[in-house]
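Per-chain numbering from 1; labels A, B, C and D assigned in written order.
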Amino acid sequence: MKHTKSGVEDLKIAYIGGGSRGWAWTLMSDLATAGDLSGTVALYDIDYEAAKWNEIVGKRFTTHPKAKSRFEYKAYESIDEALSGADFVIISILPATFDEMESDVHTPEKYGIYQSVGDTTGPGGIIRALRTVPMIEYIAKKIEENCPEAWVINYTNPMTVIVKTLYSVFPKIKAFGCCHEVFGTQKLLAYMLKTEYGHDKIPLKEIKCNVVGVNHFTWLTEAKYKNIDLFPLYKEFADKYYFEGYNESADDNWMTTDLLCYNRVKFELFRRYGYIAAAGDRHLAEFCEGSWFLKSPEQVKEWKYTLTPVSNRKEGLVKLLEKSRQLREGELEPQIGDSGEEGVQQIRALLGLSEMVTNVNIPNYGQIPNLPIGAVVETNARFTSDTLTPMFAGEIPIEIHPLITRIVGEQELVVKAALERDLEKAFVAFMNDPLVNLTKEDARALFDEMVENTKEYLKEYF
Amino acid sequence: MKHTKSGVEDLKIAYIGGGSRGWAWTLMSDLATAGDLSGTVALYDIDYEAAKWNEIVGKRFTTHPKAKSRFEYKAYESIDEALSGADFVIISILPATFDEMESDVHTPEKYGIYQSVGDTTGPGGIIRALRTVPMIEYIAKKIEENCPEAWVINYTNPMTVIVKTLYSVFPKIKAFGCCHEVFGTQKLLAYMLKTEYGHDKIPLKEIKCNVVGVNHFTWLTEAKYKNIDLFPLYKEFADKYYFEGYNESADDNWMTTDLLCYNRVKFELFRRYGYIAAAGDRHLAEFCEGSWFLKSPEQVKEWKYTLTPVSNRKEGLVKLLEKSRQLREGELEPQIGDSGEEGVQQIRALLGLSEMVTNVNIPNYGQIPNLPIGAVVETNARFTSDTLTPMFAGEIPIEIHPLITRIVGEQELVVKAALERDLEKAFVAFMNDPLVNLTKEDARALFDEMVENTKEYLKEYF
Amino acid sequence: MKHTKSGVEDLKIAYIGGGSRGWAWTLMSDLATAGDLSGTVALYDIDYEAAKWNEIVGKRFTTHPKAKSRFEYKAYESIDEALSGADFVIISILPATFDEMESDVHTPEKYGIYQSVGDTTGPGGIIRALRTVPMIEYIAKKIEENCPEAWVINYTNPMTVIVKTLYSVFPKIKAFGCCHEVFGTQKLLAYMLKTEYGHDKIPLKEIKCNVVGVNHFTWLTEAKYKNIDLFPLYKEFADKYYFEGYNESADDNWMTTDLLCYNRVKFELFRRYGYIAAAGDRHLAEFCEGSWFLKSPEQVKEWKYTLTPVSNRKEGLVKLLEKSRQLREGELEPQIGDSGEEGVQQIRALLGLSEMVTNVNIPNYGQIPNLPIGAVVETNARFTSDTLTPMFAGEIPIEIHPLITRIVGEQELVVKAALERDLEKAFVAFMNDPLVNLTKEDARALFDEMVENTKEYLKEYF
Amino acid sequence: MKHTKSGVEDLKIAYIGGGSRGWAWTLMSDLATAGDLSGTVALYDIDYEAAKWNEIVGKRFTTHPKAKSRFEYKAYESIDEALSGADFVIISILPATFDEMESDVHTPEKYGIYQSVGDTTGPGGIIRALRTVPMIEYIAKKIEENCPEAWVINYTNPMTVIVKTLYSVFPKIKAFGCCHEVFGTQKLLAYMLKTEYGHDKIPLKEIKCNVVGVNHFTWLTEAKYKNIDLFPLYKEFADKYYFEGYNESADDNWMTTDLLCYNRVKFELFRRYGYIAAAGDRHLAEFCEGSWFLKSPEQVKEWKYTLTPVSNRKEGLVKLLEKSRQLREGELEPQIGDSGEEGVQQIRALLGLSEMVTNVNIPNYGQIPNLPIGAVVETNARFTSDTLTPMFAGEIPIEIHPLITRIVGEQELVVKAALERDLEKAFVAFMNDPLVNLTKEDARALFDEMVENTKEYLKEYF
């Protein structure tokens, strides 16, 4: 990496995973607009062919007439080569396949446990964590060996568990986890200001929020626009749309039909606790007692959000693979332009080319004084030259503290269990999960079945 | 109060409540054996006649030939007079009547929620707290006015909520809450050492424990006898008796038939979490998810403990009243002797006549670093001259931290709601309770019915 | 105050003090450039005529042809009227007169104690604090009565003591203290980058620092420009200029001849501790043992900085009064333009018109985990809509922690003593001060003399 | 080790050091009175002959007609053999010889720095620490290898530094440091109760104190006898004897003429700060600014305590060696009886044969919330079966916090410097010391000379 008058040259970004999903293309698109950067994107995936395909796609982006930057895209068969000397590492893997995810999400339905996502918490999130932690452990060690000074950005779920694992394995790692769920809520607040109060075209970044909690169960304890306190406005808004729900227009690039929601869960949580839950309803529901929002598919419908069957994901994958082919073979034109994702902006800020404040997942150094030090939490943080500084976020309010601290404890225990390859300890966390309100016998049977279904990826536990 | 060569004279103990229960007599008996103390016991009860009856009973104790101390027992119609100049205040009230308790315990059964005690946590404990807090507020203010330097010992449930209220209303109060549930577990460990390992006649005080948690949901993180670590022994013991349970002989003066338990819940919690839950099974069960131990009366039977119908309590009261009559009228001889309760020992230690270490309920000053400062917790503490010093108890282990912190949060919120007379805030806590795993509509209906049933004692909330 | 499309109208800024110093004019100048603001500046000074004069000066600024904003300047005889309904309050008072300051600074010289400033710490700072705290107490109460929602910006010394007093008297106050000493160090780093490394014209805001400590004894634990770590560069720089010193060119608007310094104290502290002391040498020296930098005027000369005799300040005042006259009477043209001070930028950010990160003095909520919660500390903080959020600054490094914590303790005790009007307690702090390395008898004699000299302003202590 | 009905058999106590001092004989005497213990005392000293001599002396104690216990005393040439399988380890070494101590204590006098002890803090304490830490590092590693489960009792100075080193090197060590200085202050309080208030024959253990601080700079924040608050009494006492001092009768077995003191320093500190400094005046003086009590030998005389020239220690050693000879050769009869030292009582409590509360030096887990976690502090702690539990001691009062935290920081830094063998870092601590109020040049010259004088024991630093 080399700083020049006009920016940074010879940057090396290692991209781990990404073979089977669209995220990599978003990065390619965003990088193509970053005129002050150039260098290499090293692609590594356990499926080398997938990385190779992305290499071809990457070239199409970087050579596109609209591209302002030049990056070389190169697939590697060896993770060491991909990481060696990297300035940034992006982790975006799929832990196992959608077949395992199918078990995570749908096996618990036999016991009346429905999950709207199944990749973060609940029985599905826990089993997914068990197979993910060893993979991340491996990656963390490789980073320590090959590029200990690199900044590591994780996009993979379960976010909290993964960031905790990175820091547990390599304590000096400079890692953080990124997630756009909070932006969705800021967008909702912007829509509210538009439709209810006539403030049009408010840039998301002007909705100033204080963020606390853990990934996908984040809460806003303050939200302001200029000097307007958005809480009283949101109260009116939540009351007004409580029953019918509010469906912001579907122009978001990350919201497809099956993810649409009417924010009824969000409104309900606000009316109950007085703070703004800041993630999609599908995620929020999974952190609550099962009886509240996930008792049955009918109840989900009443709350006007959706369960996400893994079959949809499988179909989505087919489409992505087809899109990949089209991009590779020139049938489809790469879309160059700012995606709204913040990855490249964060990279620029860490390079000292700008600065920014946004929400990230990192260990708690005290930014949330009433959560344990060292637990991974989500709050705002400031990105400046080679530095990421958490904002002091304050205590989690008493009303929601028990909900969040319970989850924090569960996730800490899951990581501990996984690092020790201890299924019994993992089962303790499993039993404690809010969605797993079963007798011990049933819980055991379910746990065992889910482990059995995914055992190919859990070999180290036996 | 006056220190003499041989002890303390002119001690004034104010006893608030106690009119309808047997606790007062235990104190009378213990006081009668304390040869180095003398003074006055001022009796106050909202039912003046009940206090008056205790005055008569008290005289029978103190004039008994075996009594070693002389105390004057005197009932007061005014709480101010009873408290004025007191050196110690004992709070042992029944918040409302058993009719209200009947609603607390049995109304939730309509929604499939069973409670084995119903006075500490769960829907019953919360509603009980709502009517108790204002009573305690009143008493705390009276203490501040009449005897701000007095030591205040609370025996009433819900313990945590009451001690928190005392400190919230009068922050400089010298108060603590006492409970014998932990002794029951020490007794179980002593039985274990006897039946399994042949160590006979072990004084309870020689079972050295580290206590953490909140009242009735206390846990031992260490237990030793001489230099024997009791944890591996307890593991064998819990495994051996897991299915059939272990029923220590019923010679305890606080264990009557309907309270008998086989410790299966305790064994289950140990096998699950690796720490010794240290309260009666009836209490422990109520802090867990309803599906674990309180799904149905049948499940309770399987776990070999008992629900306590309030009708039993009502019958018990009739017997106590009859016993009171017999004591007053000389038909029954007062039993002089050390009850095993620690109240008088604590008084002696605070007077500087001895010292002791035992478990108490006081605010967290840091004795449990991973619970919030100011929350009321149960740990060991040392009693010396006019001083109560908590032992440093250490962090609550990660396995059980989520269970306990959830309860701490709930109880903090209940006290806040009650002090603000805010039923909506109370309902938030109610919804969060582990036993109340209901839809919001059902939870609301239940809450409203329970409030309605006990509204005579909740007038200040409307 | 009213938000419009283009900014904020009807803003009310109350300016307390400022009658005798140039700060008020800086604000006037900066406000004149703020095209998106308009409203009233209410001027209050205990010397009404001085406020009146500023009213006239203010009008000259706001009616100047280059002025982009319109503000009404109005002097008030009543502090209540000045504060009533204010959106912002600026505190910039002179506690007593330069006669008292003369005693603060020069009386200790009899005992061999030299002070280079004498308004923050050391014997002079402590005595000054004693007379300032009651004044600030009064102002804080007036703010609570008249404009409890206002943001309060303090520029007066002793900074730490004043901000602590504001929060002690009115805990919900929205106050912070501002000081430009850290900017001076950022400027030094910019000069270093220019003269040593050829990086020219670096905006100060691009020198990214992590700030910890207390006002005037602030330290940088990190400093970066783009992705360049400035610490190794500063090490070379400090070594190179250690003996001769480095005198940045004197183009700064806040540096006049008698304040010039050669940064030798700063270099010495860096070489000793490995962290960048970030205030003027004159301030830094006063927080250290007297023998290090303030043993004698000769030693001060060796370290190439200056003592500031109060006679200079008196002369400066004469010049300022003359300048005031010239401004009022039209002999001097107001200078419209951005002063580099951040007050108006902070106001704009708190109004939601922009955002910024800068260093401020506020209570420690945990932003510095190894200083006491509640002590006033200086760290970076983010200004957004009606919100000031501290950055998490991290622990103070072990090498300098003892130096800083000692000062924190002294200042906490001074405030306590002053709020309790307890001279004995103040004397304890006085004895503990690093500069007061005297026998108790000498310390007492000095303290008594200094109190006697300034007794007109210490009446409430007797 | 084996528990029996009547006590413990086959106990192994390893005694490291002790060859040249009388401490070992105190232990021998105390062990001889412990009828419920028997086993082996393994003696190890770098001077094998000295250990051998103690073996002979030990046999005389254990075979004495009055001895109630039987211990085998055995000298070892190998530390591994001495430690192997030990249940307890006692560390009582002399770091280097009295020649090095002569340099520690007297070299600084050239610069006007007087030290009354010179083994804990100040320039002497720091240099002593530098040579002690590597020795303790070695011992800690040997303990980890040979007897990781043993309880380790340290009697050596500098206490804080040594205990910190033990825990730094082997974090799971079960170590604590013991010191009788606090008992001296309890004894003073008992004398006060006797001479001033007529309470005779008060057992020291009935003086109940809350202890905070660091070794030799410990403070009582509470002191009670029965229900008598001793603070107001001590205030009268300190006032009465302030000028002449108070010299308790010299019947103490640890107070010889040259250690006599009149407690004037203690009284001064109480009058200044309102808390009872609880160590000998000679120790207390060294933690304060040099000008307070150690400006000159004359000032020391005024404060009526004594400097301890190392020549005295050398003479004392000659006497001890002669006493050793007499004991070995039967010219002197061993004194069997309870010495008042607590070592054997602590051993018995840790074996589960009794329990006790006393003051110890261990890492801060939160027992003093306003000192850093992990720093070694002195507070009360409870000894029970194989367990040492700190009492919660509360915050250090604001008046004395700066004094103590400064020392804590210095000692933390000294240990860090020594573990890293970094003399430059050590010099930073040296410069920060309250007694070293020198210019940097003088400080450097002194430091270098002291290092040079003791370089034989500082080889690892070069």
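Definition applied: contacts are C-beta pairs under 8 Å (C-beta built on N, C-alpha and C of every residue); 3 or more make two chains touch, one makes a residue touch a chain.
Keep in mind that this is a model prediction, so the values were computed, not measured.
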**Any chain in contact with chain C as well as chain D** = none
**Message:** So chain B and chain C are the same sequence; what rotation in degrees superposes their CA atoms, nearest 5?
**Reply:** 180
**Item:** Longest centre-to-centre distance from chain D, chain (CA-based)
**Value:** A
**Message:** Please tell me the distance, in whole Å, between the geometric centres of chain A and chain D computed from their C-alpha atoms.
**Reply:** 55
**Item:** Interchain centroid distance [CA atoms averaged], chain B/chain D, Å
**Value:** 43
**Message:** Among all residues of chain A, which ones touch two or more of the remaining chains?
**Reply:** none
**Request:** Name the shape of the chain contact graph, picking from line, ring, star, complete and other.
**Result:** ring
**Asked** Which two-chain combinations qualify as touching?
**Response** A-B, A-C, B-D, C-D
**Fill in**
Per the touch rule above, chain A residues touching chain C in the complex are 1, 3, 8, 206, 208, 210, 222, 224-229, 350-353, 355, 357, 365-367, 369, 380, 382, 384-387, 389-394
**Asked** Which of the residues in chain C end up touching chain D in this complex?
**Response** 268, 272-273, 289-292, 295, 299, 370, 372, 398-399, 401-403, 405-410, 412-413, 416, 425, 428, 431-432, 437-440
